[in-house]
Structures are given as C-alpha cells and as structure tokens.
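Both complexes shown next keep chain A, but they swap its partner, so chain B is in the first and chain C is in the second.
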Partner chain A sequence: MTGTGAPTLFDGVANTIAVVVLLLEFLMLRAAMLRAQVRLYAIQSLVVSVLAAVVAAGRDVPELYVLAVVSFLMKAVIVPWLILRLLRDASAEIAGSGVLSVASEVLLAIVVAAFGFFTVNTLDIHSDVLPATALSVAFAVVLVAFVLIIMRRDVVSQAVGFFSLENGVSMVSLVVAAGMPLILEVAFLFDLLVAVVVFGVLMRVHHGRTRSLSTIELTRLRG
Partner chain B sequence: MSTATLLLVVGTLPALATLLCVVLPHRAAAAVTLAVALVCLAAVIRLVPPTAHGVVALGFLRVDALSEVFLLPTGLLYAAAAAFSIGYLGDEARQAAASGGHRQRLFSRYSRLFFVGFNAFAWSMFCAPMADGLALLWIAVEVTTVVSALLVALDNTEGATEAAWKYVLIASCGLGIALLATIVMYYAGAQAMGQSYDLALDPLVAHAAQLPQTPVRLAFVLAVVGFGTKVGLFPMHTWLPDAHAEAPTPVSALLSGSLLAVSFYAILRYDEVTRITVGDRFPQGVLLVFGVASLLLASLSLLQQADLKRLLAYSSVEHMGILAIGISFGSPLAAVGVLLHVLAHAAAKGNAFLGAGVVVRVFRTKSLARIRGVLDRLPWTGPLLLASILALCAMPPFGLFRSEFDIVAGGIGAGQHTAGAILVILVTIAFLGLLGSVVRLVLTSPATAAPGREPSAWMVVPMVGLLAVLLVLGVHPPEDLSTLLSAAAGQLAGAVAR
Partner chain C sequence: MTTLELTPPVIQATQVLTIAVGAPLITGVIARVEAMLQGRHGPRVLQPYSDLAKLFRKESLAPRGTGPFFLAAPFVAMACYLTVPLLIPVLTSYALPLGFMGDILGGGFVLALASFVVAVAAAETGDSYAQLGSSRAKTFGAITEPVVLLVVFTVAIVTATDLPYVLGATVRSSPDQIVRPAHLLASAALFMVILFETGRIPIETHTGTTELGMIEEARPFEHSGPYFAVLKWGSMAKQLILFTLLLNVFVAPWGMAATRDVGGVLLAVVLLLAKSCVLGGVIAVIDDSFAKLRLFKITEFVAAAFLLAILAIFTLYLGGG
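Up next, the complex of A and B:
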C-alpha cells in the first residue's frame, strides 16, 4: 500500500508523470501559436495514456491497458488531427491572444494551481492505486485548464483548454477510480469525441460567420 | 403492453425517429416526429401508476417515482413542440416550395437538421432520467448538451453562433466538473462496495450510510456546480439567456421546460445519496445558497429586460432557484411542491415560449419596446401568452400557484422562516418584472390597425393543450399523479424516514 513508509519506485514514476502533465498544461498556457498548443495537448494526452499503462503494469489492472490504448488513439491522435485539419482549413490566424500578458497568466495559474494542490491535500482522500500527490496535481491541472479557457480569446485555445481539462479529469479518475468498469471509461471517452466533433462544427460555423477564430467580437448578447 | 415494454418504447422510438429523419423529406419527417412524440407521451403517462408504487426496470433502464416525474415534462413538451414545429416551419416550407431551386434546397437541409436534432435532443432527455446509475446519467446529460448546442446554432445568425459557442463551452466545462463529481462519488462508493461496481442507483442508496463523508461532500458540491451549470444556477447561468433566446422556438421550449429539469434531476440524485451519508444540513445549506443567489439575480434581471425571449429565459433561472430553495427546506410538503413545480413550470414555460415564438414570427422582432397590441393582432396567441405568463407568476388557478404554495407552506412548516420570507419577496419582485413587461406587450393598443391573423392552427393547438395541463395541475391533479408525487417526495426525504 502507498502512503506508508518511503515512496516506492512506482510512486516516484507516477508522481513524476503527473507533474509532467501539469507542466505541459503550463506550456499550453504559454504557447502563443495555436498549432503548438494543439501539439502540446497531444503530448499531454500521450503522457496521461502512459500513466494509465504504468498503473496497469504496476498495480496489475489489465483493463487499464485497453483504456491506455483507446485514450491514446482518441486523445493523442484523432482529436489533435481533427483540430489541426480545422486550423489548416481556416488558415486565418496562427496565434491566439490572451486577456493578460503571458507572464501574468502564468503567475495567476501558479497561484490557482497551488490553491488546488494544497486544498485537495487537506481533504485526506487516499487511494490504493496511486499516491495522493498525483490527485492533488490532477486537480491543479483542472484548475489551470480553467485559467487557460478563461484567459484566451480564440475558439481554438478555449476548445483545447476544455480538452485538457478532460485530461485532468482522466488523471483524477486514474488515481481514485482505477477500478471503474472499462465500459464506462470508454463511454466517457466516446462522449469526449462527440463533444470534439460538435466543438469542431461550431468552430467552423463561427469561422464561416466572422472570418476569424477570435472571440473578442462575441459581445452582442448581454443583459 | 407490459410496463417494461413502455420503457423500451420511450428509450428507442425517438432514436429511431432521429434515424428516419435523416432520410425523410420535410413533411414526412414532421409527421413521424409528431407521431413518435405522441406515442412517447402516451407511454410516459401510462408509466405513472406503476412507478408510483414501485420501480420499473429493464436492463440499463430503470424508472422509479422520482425519474418518472422528470420524464413527464419531456414527454409533454416533446409532443407540444413537435406539433408546433409543423406550423413553425410551415410558412417557410410553402415559400421554399413556391420559389424552388436554391431556396428549396436550403430549406430542406434546414428542416432535416432540425428534425434530426430535435428527435435526438428529446431522446437524450428521456434517457437521462431512465439511466440506472450516476455514470450513465452523466453520459446522457452530456449528450443533451452537444445535441442542443447544435440546435442552438441552427439558425446560423450572428446571435445564434455566439450563443451556441458560449453554451457549448460553458456547459461542457460544467459537465467536466460533474464528471469529477461522478468519479469522486465512485471513489466514495468503492470504499463500501469494493472496486468493481457501476454506480447503479439502488446499491449506492442502500450503502449510502457507510460511505466516507468527506468524498461524498466533495462529490455533492462538484455535482451542484457541474450539473448546476446546466440547470442555470447563479453564477453558472450565463449561457442560459443567450441559448434560450437564440434557439429556434420549439427548441427553446424544450431547453427551458425540460433540459433544465433533467439537469436538476441529476442534482437530486446526488442529494438523495448525500443526505443519507452526511445528514440533511449540508446539502440543504449548499442548495439554499445557490437557490437564493439565482432567484435574486433572476428577479432583478426580470425588472429591466428588453428582449421577450430573454425575459422568459431569466424567468427560467428564477424558477430553478425556487426549485433549489424548495429542496433545501427539507420538508416532505415542500418536496411535493418542488416536483409539482417541475411539471407546472414545464407546461407554463413551454407555453410561454411557444406563444413568444408566434409573437416574434408575426412582429418580426424580439424587442419588448417594439411589440404592441398582441391581443388585437393575435386573437388566440394573445390571451394564451397572457395566461401562461400569469401562470408563471404563480397566479391561481394554475399549477404553479399550488406548487409554490406547497413550497412556501412546507418551508414555514419546517421552521425555515427567513428563507421562506426571502423566497416570497424575491418571487414578488420577479412577478412585477415579468407581468409588467408582458402586460404592456399584450394590452396596449397596436401601432398599426392591421387586422390580426394567427399564422397557423398547428401553433395554437399545443398551447391550448399545455394550458389545459396547467389548469388540471392547479385545480385538481389526478389521483395517480398525486400518489406519484408523494412517492417521489418520499424518496427525497428518505433520510428523515430512515
């Protein structure tokens, strides 16, 4: 069991992977180029899939191998490919813009991530599968994804922000719900794919109407 | 027909209609949609007596008294909006057929997308309350989001595009939080039931007393924030007025009367478990805060609204706030009131949106300042719209009077005097805002003396039907329905009885 005595090799590997996911989230926040952002998302999805495989091997949950493969195919291959294709068709802007400067955004994200990290630590939720640190990191990923969605002013970054939020949720699920029936996990992923298609359609509609990927003009409806 | 077959009918027919509408031409698609909607309505009503006395289950589908209460609004509005759609698209269809060529092609594309999306939307909203398990429930609610976001974008105007993007982004993020709630609840359940279980409702409720407290609290708050985004609770409501105002009218009616209720149902399922695990006070406190905040925002927004459909959308936020406060009272009488309120609100708000749709069609504007003399120009829609607004203001003899009366009486009976007083005051402010705007709209004399004509009988009949439902709910709800509501309220107050 984890949580007692010195951290094992497995714990170390799992925690490192979790931290890499969080760092990738920060890189996405930093990335100005939309393409770079999508690629970072693909790498992040790959890392989350690797974490699933590591849990499968380390904790002997063979079902998670299937999840790792499905999640890799969907989130690291299909989804980024769909968005990159959309970007190629749109060929409008290649860089998005944020509300704040990149430095302030990163500072804000650090504060938010730290808040998430320490708050979840105090909840005292233990898991047999992964160290609790990974859970705190996963919640931090979710919160930084929110910063990304809120601060960015273009439809691609906002959509990618939502998808990476889902990566954070997947990590939470690996930590505390590794035994969840595979069929449900796959259903969640399939739902994500449907959401991606809808996001794609609406991005196209938006681009077709405004000839731009920016959301700055979306201020007509208020009150 | 056995009761389990009814579940199959409701669970599959709308999906079948969705597939059929992909290939059928406009008229046939409209006819199929209406027929399926009426069959589903009949099936849902037929399910009332058996579910009032027990659980009807078939595979992954499971309907108890609580879920049945939330199937009824969808059944009702699916049928009403399907009939309304025939009139709503009728004018356009005739003009398109007359001019032929490009316009004809554009219209048949619009009509196909509309009916495919409409049926898929109704299907997903039937599936959510029938799903046996919190995970399946989340999946169904997520499907309602993506389908309805496409429907909101359907009109392809500037406003519709903006509303659809805001809606899909905000609602998806909300559902991301709701997924976290699902996972945390799974974790809590795993502590009592072992790793391999599928979040089915009955085992979860049965083991609720042994679940660890902190994760359940966390799951409940995440669920209220996550699903609350789709209910339209403050401060996650920002997508709601946009989406309701910009969607095609039949979709607005379904969004407001049915979708918000389905999302509220999801919160109630978490509430059911949480009350048993951590006691009544914690969930009540959370719901009271969100309820009062929503009601406050909505009643103030209603006072200064310039757009007819946004006015009705804020009224939805108001009524969702009332539901949350009603549940927070934790009294069986208030719970019965809340469940009746769900039904009556669906009928009244559906009716109001359909009426507003006719008004917008005839006056070609949504601006409250430019619409005058509805009563003179529209001899049927005018009075019907006015009646539905009076119903929304909880005037007797309509269903919402009875339900709000139950909620307030239940709250005061349970000793919640402050919350009860706040509820009454805010509802009164909302009443002023809503009635003030609409009375000006309906009773002032028209700018032009053009004689009135209803666009289509198909648009009037469903409104008359919904008004009849409102009257029945207000004057004398059927015996079976009362039994159903008491049974469902019993589920909500289960923790007290245990």
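Up next, the complex of A and C:
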C-alpha cells in the first residue's frame, strides 16, 4: 500500500532542503545571541548552496555548480566573517528582545508563512527544474525574513534578516530561472556585498551615536 | 521440516509482554548511557528491575483523607498503558486482530486517560508538590495536544487512514516516502512530543530532586510501596510505547515479523529492544548536551514542535509533501 501522491526522490530531497532553509529562518527568529544569528545565516547560506548543487546534479545544469561555489564563498564565508568582525568592534553580545515574545513571534510567522504558501500556490507557476513547493517555501522564507526585520529592534538582526531575505530570493530564482545567465547571478551576489558594506556603515554610525545596537532610542523624528 | 507458528492472540499477548517486561530495561540503558556520558560508572542496566522488586516488597501508606480512587489509579493507568500495545505495530508488520480496535488517535486517548487518572490521584492527596506536578502536566499537555493532532492529520493525509500499520507499510514501500518533507517534519515533531511526554531534558530533569522544576516526576510523590512501583513501571511502559510508535511507525519500521513463526517474532522482540536502546542513547545525548528550559520557556519548545507539524501539513497541501 503506497501513500497518495508522493513526490519523486529528487523532488522530495529538493523540498526537504527548501524546508530546512525555512526552518533556519524560524530559528533566527528565536536566536537571542547576535553571533548565533550570524552563524545561523551562514548555515542557511550553506544550505541554499547545497540546493543549487543538488539542482545542478539532478537536472544537469553545470553552471549551477559555479553558482553554488561562489554563493558558498560569498554568503557562508565572507559575509558572516565581515559581520562578525563588525560585531567584535561593537562589543555587544545579546540582541534585545523583539516586540513580541518568541512563541508569539513564531506563531505570527507561521501565519505569514501560510499566507505566502497559499498565495504563491494559487499563482500556478510551474518550472521544469524544481517542484512548485520549493517556490512556495522560498516565498515563505522571504516573508518570515520580513517578520524578523520588523519584530527585532537591533541593527544586527535587521541586517541578518535582510541578508537572509536575499537567500529566499536566490531560492526563488533557482526555481523560476535556474538557467539564468551566471553573470546575472554573480551580479546579484556582489549586490549583496554592497548591502553588507552599507549595513556595516549603518551599524558603525548607529553604534557610534547611541552606544548600542538597539533601535529603540531612535525616536527623535516621532511626531 | 515445519516451523512452529504462533496464533495471532499469542503474538498479540507477546506484544504486551514485550512492552511490560522490556520497559525497565530501556530505562536502565538510558540511565547507564547518561551516567557514562557524564563520566560516572552508573547503575547496572538491570537496576530498574531491582528497584521495582524492592518497591513491591515495601509497605504502602496512603495520605489521610484519600479515597479508593487514589489506590486504584496506578492500576487503571497501568491497564491503559498495556492496552496501547494491542493497537500499534510492536512486533509484526501486518495488523493483528485487535489492531483495528483503535487508530493512532484512539491510542492517544487511552494514554491521555492514563495521564488524567494519575493527575486526579495526585490532586486528591492534598500534597502541594504532587498537585503542582499534575496541574503543570495538564497545562502543558493541553498545548502539546495540537501538535499530536497535526501529526495525526499528516499521517491521515499521507495514507488516507490513520492506522499506524498503514503508515509503517507506506514508509517501507519506497525511499520516496522517506525523504518527503511531510514525513520528516512529522517525525521530528513527534520526537519533540516524546521528549515532552517522557519528561526528558529540555522539559524536565529525569532524575533530579528539585521539586520546583518537576512536572511528570512530581505526580507520584504520595504513592508508596507497590502502588508507587506500578506507577513507575507504568511510566517506563509509556516511554517504551512512545519509542515503539516513533520507531515502528515513523522512523524505522523495519525488522518486524512478517510471518507468524516463532523465530521471526523472537527476532522482532530483540530488534525492537535494540532499536529502542539506540533511540534511548540519542535521548541520553540530548539529556547531557542541553540545559533544562525554564518553565515558561516550555511554550517555545512546544511552539517549535507545532511549527514542524504545521509545515508538514502545508507542504502536503501544496502537493510537494
């Protein structure tokens, strides 16, 4: 007796990797230490690179191997290393608590992720490279990253949220445009490097002005 | 040459006996592994049997003002725990006659009845710690219940039934069924529920003596002698039942008897205990590598399990689970 509509082995593996990326995003929501958050981002980037490599192997798209290696070097090694260096200068350890408690944040993120899941599912996008579920999951990653950016009140979490949002976007691009020219993908990755520089400057200036990484004090423009 | 065949009722009785007799062994193995990981020598693996034998020989006292329910509760709970092995695949991969008496949900209800009876008995004593334990067990039990339900729903969507035998057969049928995200997520969620239900780290310390952090462990405080022994034995049996459910239905439904001959069934007994020892080893490692959560952080643990279970449902609905 077999179950109803089990996906093929390749689809199952790809979906599972996509779900792991989403779970890591949820873990970022509850990580209390800044370093832990950066580490989670590095792991998430690693998993996204693995997904690229799996697609390359399973669907025979050799240029995705290059993308996997480049994105691993950029997002799992260089970017986390840069953020950790900035953190060492700032000498802050603990991210302030979010607006909500962790359990409520997770429940809220589940609702948001569900919204992402089902809206994308109704769009009826199909790709011949990855199953459509991976697209829905990638969309959920983007939305949960937004929740992370909105709910956390420290610059580092917001920056990490932004970078992991980029992870979600690159997963979307793997699904809908796996054959995208490599030069475009690499251009996106260097875009990310620019974002890291900008966030680095933001973190330094913010830390220099308020002596903390929290954004709670930023109320001067409030009416 | 003919092989000796067992009749289904005998196999069914063997399932119950395996759980009842094997449960203290698994507890002993976990305690031993835990001790070894902490650099201690630890008690003998068979120590829980001696503990139970000792308790059965002791006199029993009941607090003043408790009624017959207090004394009946351990036996009702034990009866519940020994009913569940009739429903789930313990030794055989094919369904035994009474296997269709109840589905996963039915087994869950029977376990819940046992936990309810113990909680009521604890509440009857008037002892503050026992009452605290039973009230906490019920509070957190209420928030883990949705996780269990979602896991059952996942099983129901995957197999179109909620019989544990069918899910086991589905998992065995092909590797496609194992790597599907819904299956992995539901198994992980169930594992977290089992950590909660068996009172392991990160929910509570299993062997500790700090009453304020206790949940499950605090409930039999007022029972003594044979009654306490039956309660302890019951919680060991519950642990092995949950392990069996996870192993033989979700994670590793291999190595069960497919026929009725004696050799196969005996081999299945040995393999089940071996698999449970491995799972117990994993749980002992978790026990030693994490700290106990503060009481109000338990909701976060349950929220994580809930997340896993609900993602399983989502991916299934999207057609990719």
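Rule of thumb we're sticking to: the second predicted complex is superposed on the first by the 214 of 223 C-alpha atoms of A that agree within 3 Å, B and C clash if a C-alpha of one lies under 4 Å from a C-alpha of the other, contacts with A are read in each partner's own complex, and residues count from 1 in each chain.
Here is the rule we use: a contact is a pair of C-beta atoms (placed from the backbone, for glycine too) under 8 Å apart; a residue touches a chain by one contact, two chains touch by 3 or more.
What you are looking at is a predicted structure, and each value in this text was computed from that prediction instead of being measured.
*Asks:* Based on the shared chain A superposition, would you classify chain B and chain C as clashing or fitting together?
*Replies:* Superposition check on chain A shows chain B and chain C fit without a clash.
*Asks:* Should A:A103 be classified as contacting the first partner (chain B), the second (chain C), both, or neither?
*Replies:* The answer is second: A:A103 touches chain C but not chain B.
*Asks:* Which angle, as a multiple of 10 degrees, do chain B and chain C span at the CA centre of chain A?
*Replies:* Result: 150 degrees at the vertex chain A.
*Asks:* Is A:L22 touching the first partner chain B, the second partner chain C, both, or neither of them?
*Replies:* So A:L22 only meets chain C here.
*Asks:* Give one of first, second, both or neither to describe whether A:V13 is in contact with chain B, with chain C, with both, or with none.
*Replies:* second
*Asks:* Applying the document's definition of touch, where does A:Q158 land relative to chain B and chain C: first, second, both, or neither?
*Replies:* first
*Asks:* For A:S136 in the superposed arrangement: first (chain B), second (chain C), both or neither?
*Replies:* Once the two structures are laid over each other on A, A:S136 reaches chain C alone.
*Asks:* Taking the superposition as given, tell me the minimum C-alpha spacing from chain B to chain C, whole angstrom.
*Replies:* Result, nearest C-alpha distance in the overlay: 18 Å.
*Asks:* Contact residues on chain A for chain C in the complex?
*Replies:* Within the complex, chain A touches chain C at residues 1-9, 11-13, 15-16, 18-19, 22-23, 26, 30, 102-103, 106-107, 110, 113-114, 117-118, 121, 131-134, 136-137.
*Asks:* Along chain B, where are the residues that touch chain A in the complex?
*Replies:* 135-136, 139, 142-143, 145-146, 149-150, 153, 156, 158-159, 161-166, 168-169, 172-173, 176, 179-180, 183-184, 186-187, 190, 194-199, 214-215, 218, 241-242, 245-246, 301, 304-307, 310
*Asks:* Give the list of chain C residues in touch with chain A in this complex.
*Replies:* Where chain C meets chain A, its residues are 157-160, 166, 169-170, 173-177, 179-181, 184-185, 299-300, 302-304, 306-308, 310-311, 314-315, 317-321.
*Asks:* Can you tell me which positions in chain A touch chain B when the two form their complex?
*Replies:* So the residues of chain A touching chain B come out as 123-125, 127, 142, 146, 149, 155, 158-159, 162, 165-166, 169, 172-173, 176-181, 184, 187-188, 191, 194-195, 197-199, 201-202, 205-206, 209-210, 215, 218, 220-221, 223.
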